[in-house]
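Next up is a structure, given as structure tokens.
Naming follows writing order (A, B, C and D), and every chain is counted from residue 1.
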Amino acid sequence: MSGSLNRNSLSLNSRWIWEPNMTHYGKAFSLWRTAACQDETDPWHTYTHHPFVLGLQAGNLPHDAYLHYLRQDYLFLIHFSRAWALAIVKSETPNEMKLASATVNALVNLELQHHVDLCAGYGISEQALFDTIEAPANLAYTRYVLDAGFSGDLTDLLAALSPCIFGYGEIGQRLAESLSAGNPYTEWIETYAGEAYQQVCHDVGTLIDEALIHRMGTDFQSSPRWERLTEHFITASRLETDFWSMSLQ
Amino acid sequence: MSGSLNRNSLSLNSRWIWEPNMTHYGKAFSLWRTAACQDETDPWHTYTHHPFVLGLQAGNLPHDAYLHYLRQDYLFLIHFSRAWALAIVKSETPNEMKLASATVNALVNLELQHHVDLCAGYGISEQALFDTIEAPANLAYTRYVLDAGFSGDLTDLLAALSPCIFGYGEIGQRLAESLSAGNPYTEWIETYAGEAYQQVCHDVGTLIDEALIHRMGTDFQSSPRWERLTEHFITASRLETDFWSMSLQ
Amino acid sequence: MSGSLNRNSLSLNSRWIWEPNMTHYGKAFSLWRTAACQDETDPWHTYTHHPFVLGLQAGNLPHDAYLHYLRQDYLFLIHFSRAWALAIVKSETPNEMKLASATVNALVNLELQHHVDLCAGYGISEQALFDTIEAPANLAYTRYVLDAGFSGDLTDLLAALSPCIFGYGEIGQRLAESLSAGNPYTEWIETYAGEAYQQVCHDVGTLIDEALIHRMGTDFQSSPRWERLTEHFITASRLETDFWSMSLQ
Amino acid sequence: MSGSLNRNSLSLNSRWIWEPNMTHYGKAFSLWRTAACQDETDPWHTYTHHPFVLGLQAGNLPHDAYLHYLRQDYLFLIHFSRAWALAIVKSETPNEMKLASATVNALVNLELQHHVDLCAGYGISEQALFDTIEAPANLAYTRYVLDAGFSGDLTDLLAALSPCIFGYGEIGQRLAESLSAGNPYTEWIETYAGEAYQQVCHDVGTLIDEALIHRMGTDFQSSPRWERLTEHFITASRLETDFWSMSLQ
């Protein structure tokens, strides 16, 4: 992994420079994002600029791909909620518990329900959603995140959970800037660009920074633990990319 | 354990017959409660009629014992919330997730906060609560419940979690029936006798019955798994008793 | 999943009938194997007769594919050993602990070392093995098995662990019957056809049957739990297939 | 906890100075041991010089107390083996896995069997051992260690596991120095003073130091994580003390 973490390779004329409203969700995210943008494979850019995302942006994503995505994403949310619940189990302070608990509640009682309502509008029942067979890309991503939590501590889990949270926040903001009238994916874009979701990103960013400081000090990126956390972020970003690709098939 | 589960030893003139308003929180609870009332050690009666409970009822529980209890109970709730969060991790249906998630939310954002507010009224800060050294009886109980969940499946976890939920419900109801004016523990009694908490007991009872039926069929008490679940219920009831005793020391 | 479990679709002229030396590793395996051979997707046949396996049998598997497989399989064994260690954590009897512990010991101190020695012969160091980036198919499979264990009980874990153990046993036996002189994969085939490995299959088969009887009774296939266990077996068989396919890329 | 960790309070005329052959099991143990000997409660001294231990040393420990201890210790070893198996699950390097795996194997196949044989000599069958009801002090200790592992990472688990390993090594050595002929507990003392067990202590000490360096650097005691690890060591030492006291009852 060390090759991909060479910070010297980030130059001023990097394509990243063009992002005028680069989102800021805390120090750890900023460092991980930079680490995930260093080499030719560029997992963060590949994830956040995937053809599926460009299809949402242009409004020309095939409806079937969107429905396929929604069904798999429902199952993803089930396991993603389980992983956030594991964050409560692994919390060491009341504040960590409260923030993780608020996230679980939002996922289970709002986000999942939002999926159910959305799919009901397309004639897909909740039982049909639940009976969907999980695609391997879905299994790989969700179970990797859960195992990061089971095998490590809270920071391992949060590092693996974060690309989904922050990536959707960044995509939502970017797509909202260029949103054209009549885009059939307007609701999706506005959900993730919206104030409520952006607040979640900021809260999770704060939770992560505080959890790292609590365990590793303010200079947390100097700890030997840091490389493993960065690997969790990069691997999860790659698995997000595979999830988009699966949705397009 | 088989000796203590001899159902034939329950006779009509058992002292249990006197409970006029015996609470009903579902089939599994009813069976476990009966199993925990069979022999001379009688873990359920010992727990729900502990001198600490009788002190709350009579209103003559020493205030220091109550404060000691509140401090340990705050730490207990931290780990009890972690165990309920583990129930989300181990859920197999959306409905199990929703109910477990609602319970976590109630514990972390209401029950814990209620303790913090109550203790603040006695001049004990949240930080002081959190820095309290856990009594061994507290460690034993909370970690036993967590391990029942880690080592088994959701039903093992729920069996170990349930004596706390249901016992407080039963105690609250019983003490409310004989509540005398000026009892300094009126608020405590009314909290657990109140409709909101009684609804939690019914919801958890439903969750448990449904989780058992989902995994073991409607005749779940005939499964070989049943004995282990009953042991979890009995052991957790004994650990509740130890918790009261610790609070009195 | 119910569609794929339709037992009526198994007819006498099934292609399965031809296997003259069908291995017998216990009752649960026999039932799961039948359930995994019912419909057109036929996960067990697809796994055990994958082009990679046919290449080992014919001796014409490209050497590069074999090396790629060995490197990924080393990482697989790391996580597979972790999953067997989890089986110790989740054991409920001394006998379950002893058998799971013997398996972990064989995996960590024999099987992993065998891979290291084999790869050293091809000029690949243990550090190089360990630094291999896990393929998504590897992540999906290993983390799925681990989560089956974390979220369920010992039987969920064993159901997900078993296709690897039993499939290799069956493949080894079948390939050994038609082994031609000079096949470069003779050592691989003889390892899994050999008495030591076949004994492991029988021991694991016994462990699984006893664990099921202990929790669900001798008629364990009638429990509502059974369908979920069968799904673990089928999903893990599919993920084995994906692992072979990844090795061929 | 900070009050008890004041390193300045260790003076040259501490009673610890008298230990002529103070064992050395690595840097982390040495630091934790010092931290556990700072204040009036002195958990390490209380544990390693408990009346039960003095009874073994003098040879006048009542035989019934010894039998009670052996029965509870058998159950302790079951859960202690589960906790060491969890250390395999949470390992991050092949070397961590190998050492943890060797320890599990020694516990399950040697130490547990040693207990079974020893108890058989006193007419107690393995089934009788397994059916012993766990004392609350046993529950508290074993489940605390397991939860330290479940909620944290490998170092949390090792910190909680270590007082048992190292304390028995230190006690064995000390008691062997003053062993008088005819002491009925000679075999117990020689087991833990013996080369094989002392080697285990050294191996575990090395595993712990390497695991800490791998995650926190060579100056691991300066990490914010260190205080929590030290608390695990101190709490587990206190729970060892409770275990001895329970055995005497």
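Worth pointing out:
By definition in this document, a contact is a pair of C-beta atoms (placed from the backbone, for glycine too) under 8 Å apart; a residue touches a chain by one contact, two chains touch by 3 or more.
Remember, predicted model here, so these are calculated numbers, not experimental data.
The set of chains touching chain B and also touching chain D is given as A, C. With centres defined by CA atoms alone, the chain at the far end from chain C is B. A count of contacting C-beta pairs for C-D and for B-C identifies C-D as the more extensively joined pair. For this pair, chain A with chain C, the centres built from the Cα atoms lie 32 Å apart. With each centre defined as the average position of its C-alpha atoms, the distance from chain B to chain C rounds to 42 Å. If you average the Cα atoms of chain C and of chain D, the two centres end up 37 Å apart. Residue positions 82, 89, 150-151 of chain C are each in touch with at least two other chains.
Listed in rising order, the residues of chain B touching chain C in the complex are 89-90, 92, 150-153, 156, 213-217, 223-225, 228.
Looking at the complex, you find that chain A touches chain B at residues 78, 81-82, 85-86, 88-89, 91, 93-94, 97-98, 100-102, 104-105, 108-109, 112, 126, 130. Interface residues of chain B, counted against chain D in their complex, comprise 1, 82, 136-137, 139-140, 143-144, 146-147, 150-151, 235, 238-239, 242.
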